[in-house]
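Chain IDs A, B, C and D follow the sequence of writing; residue 1 opens each chain.
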Amino acid sequence: MAFDVETVRKDFPILSREVHGVPLVYLDSANSAQKPQVVIDAEADLYANHYANVARAVHTLGSEVTNAYEGARDKVAAFLNAPSRDEIIFTRNITEALNLLAYSLSNATTFPGAERFRLVPGDEIVVTEMEHHSNIVPWQLLAQRTGATLRFIPIDASGPNSGRLVESAIDDVINERTKVVSFVYQSNALGTINPVKRIAARAKAVGAISIVDAAQAAPHLPLDVQDLGADFVAFTGHKLYGPTGVGVLWGRYELLAQLPPFLGGGEMIETVDVGGSTFAVPPHRFEAGTPMIAQAVALGTAVDYVTAIGMPEIRQHERSLTAYALDGLLTIDGLRIIGPATAIDRGATISFTLPGIHPHDVAQLLDEQGIAVRAGHHCARPVCVRYGIPATTRASFGVYTTTDEIDALVRGVDTVREIFT
Amino acid sequence: MSESMYQQIILDHYKHPQHRGLPEDFDAEVHHVNPTCGDEVTVRVKLADGAIVDLGWDGEGCSISQASTSVMSGLVIGKPVDDAMALQDTFLTLMQSRGNAELSEADEDELDDAVAFEGVSKYPARIKCALLGWMAMKSAVAEAGWGASAHNGAGKIADSAGEPG
Amino acid sequence: MAFDVETVRKDFPILSREVHGVPLVYLDSANSAQKPQVVIDAEADLYANHYANVARAVHTLGSEVTNAYEGARDKVAAFLNAPSRDEIIFTRNITEALNLLAYSLSNATTFPGAERFRLVPGDEIVVTEMEHHSNIVPWQLLAQRTGATLRFIPIDASGPNSGRLVESAIDDVINERTKVVSFVYQSNALGTINPVKRIAARAKAVGAISIVDAAQAAPHLPLDVQDLGADFVAFTGHKLYGPTGVGVLWGRYELLAQLPPFLGGGEMIETVDVGGSTFAVPPHRFEAGTPMIAQAVALGTAVDYVTAIGMPEIRQHERSLTAYALDGLLTIDGLRIIGPATAIDRGATISFTLPGIHPHDVAQLLDEQGIAVRAGHHCARPVCVRYGIPATTRASFGVYTTTDEIDALVRGVDTVREIFT
Amino acid sequence: MSESMYQQIILDHYKHPQHRGLPEDFDAEVHHVNPTCGDEVTVRVKLADGAIVDLGWDGEGCSISQASTSVMSGLVIGKPVDDAMALQDTFLTLMQSRGNAELSEADEDELDDAVAFEGVSKYPARIKCALLGWMAMKSAVAEAGWGASAHNGAGKIADSAGEPG
């Protein structure tokens, strides 16, 4: 199927909306993506026709819904090229997936048999300076609980390497004291695509667990967890055209099988006794309580949707959009790109600043022209600190974005400049 | 197959279980529990010349788990261990088919009465019931020293083979 | 509006389904409730017309969705009669709500300023023997992390007090060593309604934090957190006719304001620095990452739905169903009710056993007659242990249940007996 | 009101801020930061005879936060502290109205130029911007010793008044 953005746009009901009397130009997909009708229908259909609780019930509806839920796990496993469906854990979002790991690791401190995962003072946890807060704060809290030290791989804020990790620092910061390396595949603030295999290999070489935050990669690139070589890869459903309330953690089975549980409750146990409990095998060990059933099923539909379009086709579409947008934006006087300034090794997310105009004002005035972009530190405040700026304006693209919309953005930013000068 | 999961064969085996009882002369005994519903089964096996020469069991639980164990016993006693393991594998595949099994005629012949459990595969919560005795048999055989590395130990089902989905 | 069950049933699309060629009789609402069309539509409408991420965006869609999400918080606050909307935390389900508290309490061990919440060996955590696993395992894990001891208030398994807490044990098990008391309002396995005010008052008297698992109460009784006198009350959306993937934790503001955070990530921070972070005030402190936006909004719709019918009306409807069902079931030879045998201080959830027939077989054969009930230990295994049984069959009712359906159940159970004799 | 949040009044105050600059003679100074967007403001106040006799500020950030602080300054300087606090309260209510404010004519008169910020209340993420200077003013007055128990201390906004929703 040849990629045709106009055909794609028809799948998304919200794209026919108007805002402030003009057609919506939605350039905030990195924040959250819009939903195709098939995804919306998947949840609705489940509730209207096949709903019950999963796993526990012996009746027909319970079996139908369990098959749908577990079927979604199969779809996600295939999407990630995971060796086994039992390596797919459904979480609320990627934030929970990362916290799950951080808590499971600190539970190792008191969990019999999990000694190899224990963190003690002197151990180091490594993230990068371009992480989303969701990949910083869980590790700060883990460091606080265990006495381990959190370290950051720095980024460059100027020159041709602007917005990229300082390559020479990677092997330095990741060293024999490192126990965990958690890093972003594609930065949500900068658009940068990191050398995942390179970092995962370094983590492996020093015996550290490696975790990839693929929140911004999953919607934009083909993902193959076996090829990446990391131990864990997580993403979040709502950015992948799926519903809110569902995310995914993939992990190597042998690690999942040894990690202590995170949340306790129904479905994650083998047997519960007043004297103590034993726990189910993965993935159920990490899925306590009634899961986000309809959301997981609809995420399966979202995965089907992007797979049918083709992840390589989506990547290609967005790559040309990115080049087009960089060209257009750089025609604007004084506009500074925060992040890589060319379309190489970067995704369809572009942050920028305008001299003397606060990003909030830029975004707000774009909104008044129907254009939705984000302004702020994008939950990646250390990036702003490194660049010495309070915030940026960010435009981000998705499968439904057109060059017309990018033209509208460039015109819109020009209008903002006029209002403020 | 007819509508009810409770085919007459299953009810018959449940009411008149075969090979129930624990033989005195055995190489290994295992006790398996399905923690989600409390079904349990104890299996004793005796191997000789690469075959299962005797197997007896005792258990408690739903008709599916008890009848399935009864059917399993009748099928594997006297079989070469390799054939019994192959049959166990076929049955596992049947149970994981979510009601869409495509069994060859040869498989159907081999499974014999065990084909009656096909309807169970549509009900994720019941699959473990049908598998309980089969998994115990497999563990017992391993426990009795069959196979190189296989030494699962007695105890609860620890693999996920019977998990929903 | 006078309560009319036939009118109510029209709101639930799945109730017109057939199963095994006969009309569905859904008696598994305690496991998960079916969804009225308005709830299904609420999610779909949000995605199709007003969707973006919450809180972060300055654009129109972002503002609409944030107002919808925060509006749902207002609705839930009113539903619970909470003194402040800032006391309402959205979680994935009640399991997460209870784990949130258990982790927040153990984080107090290393969290500066949270000394008063620290648990140490010698401290005791109290639950009851009729808890759902989701209200046992988190506390077992907390005890493992802190060295505190978990204690159980026992239940009677026979006589007129069958299925109820041993009253004389309450003041004994909850004592000056107790730091946390977490207990169920209405038991999902037995149907028992516990004396919540009595237990919360005892907890308060000994200076312990009290937590009420209202998963089975919220759909069936008017809830008033101020009247109950407990410190925390939690429920789960999918049992309240809401979507999967959302639950609620209510807590007293002064406690929430002092408790350490649970999950780290976006939205729960005040500011993030490579050297450390400060945290937002409640409720946002406890809502890390992109929330289950559409699900919270639809839960607000579910709350509107039951409020419009009237919680007292629902309670009254279900009370008569319960009496009717107990009468009917007790006509069956050998049938034993597991739990209170009369309709006093009990909810619309009835567990029973039949001599010589395994609950799984009962439930499966009922399913073949179109009747959906649950069989198992209902994630409350200690109850089964206390009664010396492996499992029960459980029928549970909701706002849409009719006496005809209960007649079908009684006839169905009789048929099962015939097949097995 | 007209469609744009950026009424001319707001742009004027942003381009020509009033009372910007920190007076030498003051009773209290506070520094407030909106951590979500980096907006910041420093406010100095001088009280005498129960009134705000002087107020000056310095800050950085979006036009809404800067213009709102400018408008606030003009309105409260010379006012009895009680009136300034009442006005602060009215403005807070306006900001929390989600675009549905029902202001009395008297309130509108009191708020004067500050009414121009009504459009901001529809945008939860911007409300904090409009409130920044007002919250700082309130803290500074408390810091200067106004009111019995009120001693909030300088520092970041710690109350949730400006949270979304």
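Structural remarks
One rule holds for everything that comes next: a contact is a pair of C-beta atoms (placed from the backbone, for glycine too) under 8 Å apart; a residue touches a chain by one contact, two chains touch by 3 or more.
Computed from a predicted structure; not experimentally measured.
Each chain gets one centre point, the mean of its Cα atoms, and the points for subunit B and subunit C are 37 Å apart.
Each chain gets a centre from the mean of its Cα atoms; for subunit C and subunit D, those two points are 43 Å apart. With touch defined as above, residues shared between interfaces to two or more other chains in subunit D number as follows: 36, 123, 125-126. Taken residue by residue, subunit C touches two or more other chains at 20, 56-58, 62, 269, 271, 360, 364, 375-376, whereas all remaining positions touch fewer.
Under the stated contact rule, the graph of chain-to-chain touches falls outside the line, ring, star and complete shapes.
Of all possible chain pairings, those that touch are A-B, A-C, A-D, B-C, C-D.
The touching residues of subunit C, counted against subunit D in their complex, run 54-58, 62-63, 66-67, 69-71, 73-74, 85-86, 269-271, 278, 280-282, 284. Listing the residues of subunit A that touch subunit C in their complex gives 13-14, 17, 19-20, 24, 26, 28, 31-32, 34-35, 37, 39-41, 43-44, 47-53, 56-62, 92-96, 98-99, 102-103, 107, 109-111, 129, 132-134, 136-141, 144-145, 152, 236, 238, 243-246, 261-269, 271-274, 276-277, 288-295, 360, 363-364, 366-367, 371-376, 379, 381-382, 385. On subunit C, the positions that touch subunit B within their shared complex are 20-21, 358-361, 364-365, 368, 375-377, 384, 390-391, 419-420. Residues of subunit D that touch subunit A in their complex: 3-6, 11, 36-39, 60-64, 123, 125-126, 129. Chain contact summary for the complex, subunit D toward subunit C: residues 33, 35-36, 98, 122-126, 156, 158-160, 163-165.
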